[in-house]
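Shared between the two complexes below is chain A, which pairs with chain B and chain C, respectively.
Let's look at the complex of A and B:
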């Protein structure tokens, strides 16, 4: 089992203050993160860009040294036993980099397999199995530069499995992939956990992906955990957090304005108003599903030109959760 | 050296070789450019024949030996240059994101650096052969004391250049701005390493700089063996100096690799380019 407690990571960056002048600035990439990954389970790590997902993955895979906290993987200490941990973990990132384009898929896998000191006979068998597993059999001896994006990503997956890791860290593995390939990859990821018992940490921007795959989810923002729970819990919070309605009406009488403001403030919600071409556009952000109430209220006093309910977005949920957390901390 | 390290060396050398020599055109180019270098060295000397500069060089190496002097200087220089280029190629691992993947594995870091340097041995050995054949064709009166001495010459080129190559590789662990290392090491090595100008002709300050480059002593050994029929005793001083420099470079490499990885793990600069 992987248990991380209070993990911290700071980056020191230079901030330009003038010509040939700069000052050092400490950026807290991860403030204090607790995380548990059990064998055979898929754990999701959600967050906006810059939340600290990749930094977390790099710390867990020994590429970055934590500045605080502790982490043990199957009883091994992340800092002290980094070299032993390298044998049992691997990382897969999205994108087309991280493979040698001029080598074939087989040569790529042979190279990494040898760096893991896998005996030749076993390595050959493993390469054959992995190539078949990711469906590259027919083009295994072709240079990677001739592969499609999806094929390169599949090779990345095979590379990430070459040492038969117990824990696999997948950093946005479906980034930029076509829908059918992303679907295959999700199916494949699930089988790695369910059939092979691998503990998987998956980062993603896509709530659907997290809902489909993960057994447990952590949401982080600006290096801090803002929530953890089952995908269902997360999805319900997302749905409740971020309902948005875009409504176009042809008039906005004062009576309606007062009624709307009173109603929205009672449910701690807000609206924005734009007026142009003799019509008014109202954008309502609320934590509740108030579609029918809004329609009823508006249609009594004005004519609704259009009404659009915007699908809740994970990004909005994370921002809302972060705001709530900051508020709670400030008033604690 | 354990089995895992040997495996890492072999894997890295094969990978680099396959990445660089991916088409038959590369082999063709290897045939062409040593020959061009050979002619270039010959004709860069020609315009100065009989000039004051030529006389100055002749004072140290002998009038009839100038071309041989330049030729063997180039042989030595190109040997080192190939290894520096291999180190430079290694910096592309950063760009392609594969450097992180190498460091994700438990492979011996020194093994990977050695493997990368050894991949250049193929290129260097080829250059060496082409130049030597050129030398034999051009100079029928090569003065070699015994068949054993050219082997000493080869070793005095191979081992120091590998040490130089892995040292350059380890520097790239520290920094992603590889250009500065070329400015600091490659050009001064070419100038002060005695490849073109006789080392004894330098002023003391230049000798102090040149003395730190293994090329200086490798070139001196190669020249003494091929041009002056030196026996082992004649090159003992250079061999000792070269050995000390190699040990120093090796220890510095070990330190840089350790510090470099630790620095990269702290700053996360392994993924930056």
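Let's look at the complex of A and C:
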């Protein structure tokens, strides 16, 4: 099990203040993060650009040393036992980097395999399997620089699996992949967790991917956890804060207007009226699920032409939560 | 295991260097040798007009300027080769985006660097072999060579160059610069260690610098062993200095490189 408590990471970066002049600036990329990854589970890490997802993944994969907090992976300490941890974790990042362009796919995997001291027989078998899995069989002996973006990305995935890691950290692994290959990768990721018991941390900008794959999700913003829970739990919380109903009605009698206003203000909600070319359209925003009540109220006094409930999305959740957080911070 | 790291890295480099343009690679190496020797030949014939002064003989212990500068050029070939390859190894990984995958793996720094060094030494040794064949007609003479002390000189030199290039590689990653640091080092070595002329011709303050650069002793022991045929005991002091400097540079290099490389991923924007 991977247990991180109060992880912290500051970056020092240089800020230009003039020609030849610059000043060092500290960026608090991760302020304090608790995170748990269980074997066999897929954990999602969500957040807007710059939230600190990549930083978290780099810390867990021993690339960056945390500036505070602690993390233990299967009883090993992330900082003290970094060398041992390297054998049981690996990271896959989206994009075309992290492999040698002037080597072939096979040579790349052989090189990394040797760095992990995998015995030759075992390594060759593993390489064959991985090349097969990522569908590079026909081009395995061609220099990587001649590959397409997606092929380079697939090789990267194979590289991330070369040491058969117990914990795998995936930073936008499907970035730039064709839909069928992305789907294969999702299926494979699922089986890595379910069948092989690997613990997986996944970041993605495709919310659907997170919803489909993850058992548990952390939402972070500006280096801090905003919310955690199963995708369902999070979606239901979001449903409460951003339900929207678009309703087209035949007429809008004053009696109904009063009734609607009273009802909505009682639950701290609001509506807007758009009435282009003689029709009436009302748009209700509310924190509660009031679909059936609305329909009942409206259909008593008028005819409903159309009724659309805007599906709450995990995506809205992240945006809303981040906005709330930013607002709170600005007014703190 | 370290040996896996060494062999895998050496093999990887060889593949990368020869893959794209194997023929170009061979001819560029051949040309390097040829121009190196041509340079010595011109200096001897045009600058020195085929004569050397008594002063030169007294300083260098030989009157064979042609062989003196050919050996100097060979040494420079090794210096440049090692520095270009070993020193730039980590920063090249950083620039090409492979440093992260390298550092995630349990790579052995010493093994990785040694692998780079091994491959580089093999390539330069090959170049040298060609260069020796070309230079024999130009007047390189091995008649007096003392094999044992020549071998010792080469062995210590390799350790020294390895140590120096590890330090330079740390400087390169820290300052994210290759051009400036590399050419500064090249110029200092070219000027102060006696590649083309005995260091006694230098102003005394420059000779102080020479004394802290192992290449100075490498050149002296190499020339004394190959041209004059001195044995190890009669060069005891030079060998001792060379050994001490090699160990110092190597130790400092290994101590600093680990820290600097480990911090590299987060110092990207400094």
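FYI, the second predicted complex is superposed on the first by the 235 of 332 C-alpha atoms of A that agree within 3 Å, B and C clash if a C-alpha of one lies under 4 Å from a C-alpha of the other, contacts with A are read in each partner's own complex, and residues count from 1 in each chain.
We adopt the following convention: a contact is a pair of C-beta atoms (placed from the backbone, for glycine too) under 8 Å apart; a residue touches a chain by one contact, two chains touch by 3 or more.
Just so it is clear, the structure is predicted and the values come from calculations on it, not from any experiment.
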Chain A as common anchor, with chain B and chain C clashing or fitting: clash
Report for A:63: first if it touches chain B alone, second if chain C alone, otherwise both or neither. both
Contacts of A:1 with chain B and chain C, given as first, second, both or neither: neither
Between chain B (first) and chain C (second), which, if any, makes contact with A:100: first, second, both or neither? both
Scan A:24 for contacts with chain B and chain C and give back first, second, both or neither. second
In the overlay, answer first, second, both or neither for which of chain B and chain C A:91 touches. both
Given the touch rule stated above, what does A:14 touch, chain B (first), chain C (second), both, or neither? second
Touching A:111 in the superposition: chain B (first), chain C (second), both, neither? both
Let me check the overlay on chain A: which residues of chain A are in contact with chain B and also with chain C? 11-12, 58, 61-65, 83, 86-87, 90-91, 93, 97-103, 107, 110-112, 114-117, 143, 159, 163
In their shared complex, chain A is touched by residues of chain C numbered 1, 4-5, 7-9, 12, 15-16, 19-20, 96-98, 100-107, 262, 265-267, 269-270
Where on chain A is chain B touching in the complex? 11-12, 55, 58, 61-65, 83-84, 86-87, 90-91, 93, 95, 97-103, 107, 110-112, 114-117, 143, 159, 163
Can you name the residues of chain B that touch chain A in the complex? 3-4, 7-8, 10-12, 14-15, 18-19, 22, 96-98, 100-107, 112, 262, 265-268, 270
Under the definition above, what is the set of chain A residues touching chain C in their complex? 11-14, 24, 58, 61-65, 83, 86-87, 89-91, 93, 97-103, 107, 110-112, 114-117, 143, 159, 163
